[in-house]
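Residue numbering begins at 1 within each chain, and the chains themselves are lettered A, B, C, D and E in the order written.
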């Protein structure tokens, strides 16, 4: 028996090391990736001597594409604005549907919700984004073109936003539904016990109580939208100018990276500027994550 | 004395589980009625019938009638939101909403259409005073209610229920999560409130029933075994099962 | 009689909360010792000290000594896994693992190195028989344990604890989640088991303590107020606080 | 009073409408994609040559399989670390932030990282292993998070029960906690696999955009034309849609092929979701004793 | 192994990875197919991505052959470029193409410049229908674009910030087909399949191989296949050899590319 115990204790130590190694691996991976992006992305400012201001707030985009040759313009504002406006619009389109569906499947018809809506939403999640992009390109773009007859065909901010809205819908819906579900039954009972109607219970007690979780869902959705490359690039038109309205095309960070990264000379100004865009995306996702944590902690502290 | 609530031939089923068998009971105005019995005997179930809280439970079916001042609450004559306003409820575990103390108490009046700020202020103050917690909380009205102690939370929930000016107050083991000191505060409170309200309380604690209730009902496996004056039920129970239960030879 | 467990000057802190004050107690072999007292008084805390279950609690600090057959369990002489094998535990809420009945009982012997199928079969059968549940379960050994009723689950957990052949059995309110019938089965079981084991039981139910225990300890706010023969403690308590508690004028 | 009731009715109606609109839209989406796929279908799409997408289908499965081989052990290990070993504090929150940022990083960025590390640093050309490893970076955080949550949400009683019998921590984890958490861990694994099926941007520069295999060489793993050779270029279904839109656009059948590929992917997603639910329900049922 | 007529390349095994110029892609793909039919144990992965990508990846060493419409020196630094070996396998002409609705058949050089710099915004201003002009361009790193701007637009830079941008020529053609009034440019090889677009004549000269050979159509460039050093892998060697063999020339022309040996002196001299 003693031997068995000793063996068990030794193997316990070994397993512990294995688990810790796995945890460390993830941190190492993230740090490596962060360091790599930071290094590559900062060269625009260090090696090519552009200012951060120029990169973020000007829209003159004419970087030179030859290894070691600098002196072009790297104003990425068009891409940045393009990313922001498509994501924001996607959110605006998506939110009422996502939260509405989440409420429907948890509060209004929980049985049908569990049986049909949740699996349906899961299917939405597992449809690849290129398929959404392809759908957008072959169905949505022509539709927009036929309805509004915009000058540049249907490729537009609107098309990109709708495709993104469809993509982030399941994320926001499932996270919100989970948040709503985890609102303690006792809150609902408390409110019903005071004679509240269902809408009063949902609107005044359940949704506010779930707001932290819903916000997490929104931010996760946003992170996904900001990072989506191919689906957006299929429908946004990739025009290097600010969109004058919802129906005009523009470009965004991810489509620029996807289109040009492999195509530009390594270490050239163009290439470096694209890496700076990637770094910007990385920073945006970290900021969003930290924001989630702040919100979650803020809720706890109360 | 007059009947506030009359329960007649009440049968209740959770899907195919028959949880209450033919319960008959008269609950009188301005009295405290206690429900006792071992775990799972149907105390909470019956209590929740009285303001139709069981409507929220999927698969729950009710036969027989429950009358509030003579009106069948399961008939179409009484809207369920009105019913619940007239028959308030305090739950086993304190369940304040995650909002400020003030908003918790003002919640009920607000949803019932009170919008005047001053009127709300008054209601909040009176209710908190009635619940004997005004002094504790008057300086923390805008703090979150979740930061209060268990006893304070429970009294806040009572205040919240009082704020909608109910006629009946149902309390489901309101002190089971509380320490002795908070418990005795709540008990005192119940004794005070019975002047203005009709109170029904579920308790696991027989001493508590003895201390505060006028009438007691003893339940066993879904049957109302015995119902009568508290003193009498505890001193000379009519039913042998009641006797065995209160002398502790059971469960 | 001889001491199985000796507790000397035990103080326990949860971070800066002083949960047990200077507890001294001698637990004797082949007896049932009961811990009673109001909620939060430290019964579970003390029980969990006896097999170092409190090691799992972050910030928990212990002073004083607990000896098992004279060996300090907090000294380095006794490995904690060996200790827990010798001092088994049954929890308040039945906690079978989500596996088959058989695997639940065989779990302990397996991790302690029993690999022989036949030997395992025997252990499982004996343990289930000891726990008085063999007849109920012999045809369902391969079914998941989570499908059993609460009472069956609790007896299964006792069988699971017996399967590692402990010397002491700790039970923390083993019947609080159970109906009267299951409860009396567990009580009978405890009385039978005390022939071979030393048993320590926490209970909320004073009648239960009277029915089955040899010695009783009454706790209040982290103090062991009184400890002695069960009959004597309930019939003529030495301490006024004990008396008030057992006559129900508290909590 | 009746205003509150009216509003309640109205809002209930609104929620019904939204719920059903979304369901209807999903049905529309699914059916148009499948219908369009079938409309332009010709039998040669099923083959392994020319316009056929069988090779891409095979590559997809193979690549996902390889990536799970890496990401499942690491993901579960890290999840266990988080749930059972990491101490509350700065480091734990650092790990958590790492995982979350990893999982929300734009996949194109991860693809570029994968290109740098698995292609340029190794000096190899596009290959399936590089694609699988890149996908693993995306899927490890999913499995880790799910494992962490699953283990954390287990009742503490399981752990106490096992430790109380004298089991060591790692025995408790391996024999009680992980099996009990399996239904939910499986969800994470499936999500990770789904990510592999769907990902294209991360594979653009890693797994390659073309596939040439000779099915007669199936078992000759070292042959460059063997389907099993993990170091050959292997384009997946999702990538195929992208390629059909760009380079493949010369192919007069490009649109039909892309439509058909979309349909296949949607059907795969459907099957996947259904099968997963089945499996994890079954597991849950078995664990819960049929309750 | 199934018998093949080409004894010299028979039975080669190994992998060839080629990527880059989308202008050259159709040729490489078709050559790859022929080559693999003849050498069943070999694999030729032919991808596009653009000239920049081809040069970059061959210089990184991650592919064997980088296809490009431009000289490596124009992209890479001197050191990297000097390590690459150029195999000029064909020439290609670039043609402006417009959507049919524009009603345009021919433009002067000046008109072309006006269109691509945004000076005119409606086709009727240059003799077409009353349809708005929509520019469709390729990324700055595209060899097609560089060639087109250099020879057709006389080195003026087109207004890329007013144009829809496409990753490669395939997508571009699809856009020109589907967007009313769209105009762009592709290699001739993309027009052999007779897509539903109009190839525009420049100053009255139609974009045909014949006109390139005789020097009247000026918008063309050499197609390069770069290797890093002389090719070492037998499969790569064999593949290049195959593509540059005399009897493959007819195939090249059949696909819309030109053969350097047929260029007239006039054409060569005027092309800088």
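Everything below uses one rule, namely that a contact is a pair of C-beta atoms (placed from the backbone, for glycine too) under 8 Å apart; a residue touches a chain by one contact, two chains touch by 3 or more.
The structure presented is a predicted model; accordingly, all values stated were derived computationally and were not measured.
In summary, the chains found to touch both subunit A and subunit E are D. Ranked by distance of CA centroids from subunit B, the top chain is E. Chains A-D form the pair with the most C-beta pairs in contact.
Using the average of C-alpha coordinates as each chain's centre, E ends up farthest from subunit C.
Computed centre separation for the pair subunit B/subunit E is 84 angstrom, with centres defined by C-alpha atoms.
With centres defined as mean CA coordinates, subunit B is found 48 Å away from subunit A. If each chain is reduced to the centroid of its CA atoms, subunit D and subunit E end up 37 Å from each other. For subunit D, residues that reach two or more other chains under the stated contact definition are 4-5, 167-168, 171, 245.
Looking at subunit B, one finds that residues 81-82, 111-112 touch two or more other chains. Counting partners per residue, subunit E has 60, 167 as the residues that reach two or more other chains. If you check the complex, the residues on subunit A that touch subunit D are 8-9, 11-12, 14-16, 18-23, 25-27, 29-31, 33, 36-37, 96-97, 100-101, 103-105, 107-109, 113, 116-117, 119-120, 122-131, 133-135, 137-139, 166, 169, 173, 197-200, 202-203, 220, 223-224, 226-230, 234, 254, 257-258, 261-262, 278, 281-282, 285-286, 288-290, 292-293.
Interface of subunit D with subunit B (complex): residues 1, 3-5. Those residues of subunit D whose C-beta lies close enough to touch subunit E in the complex are 119-120, 123-126, 208-214, 217, 223-225, 232-233, 245-250, 252, 254. Residues 79, 81-82, 111-113 of subunit B touch subunit D in their complex.
On subunit A, the positions that touch subunit B within their shared complex are 111, 184, 186-197, 200, 204-205, 208-209, 302.
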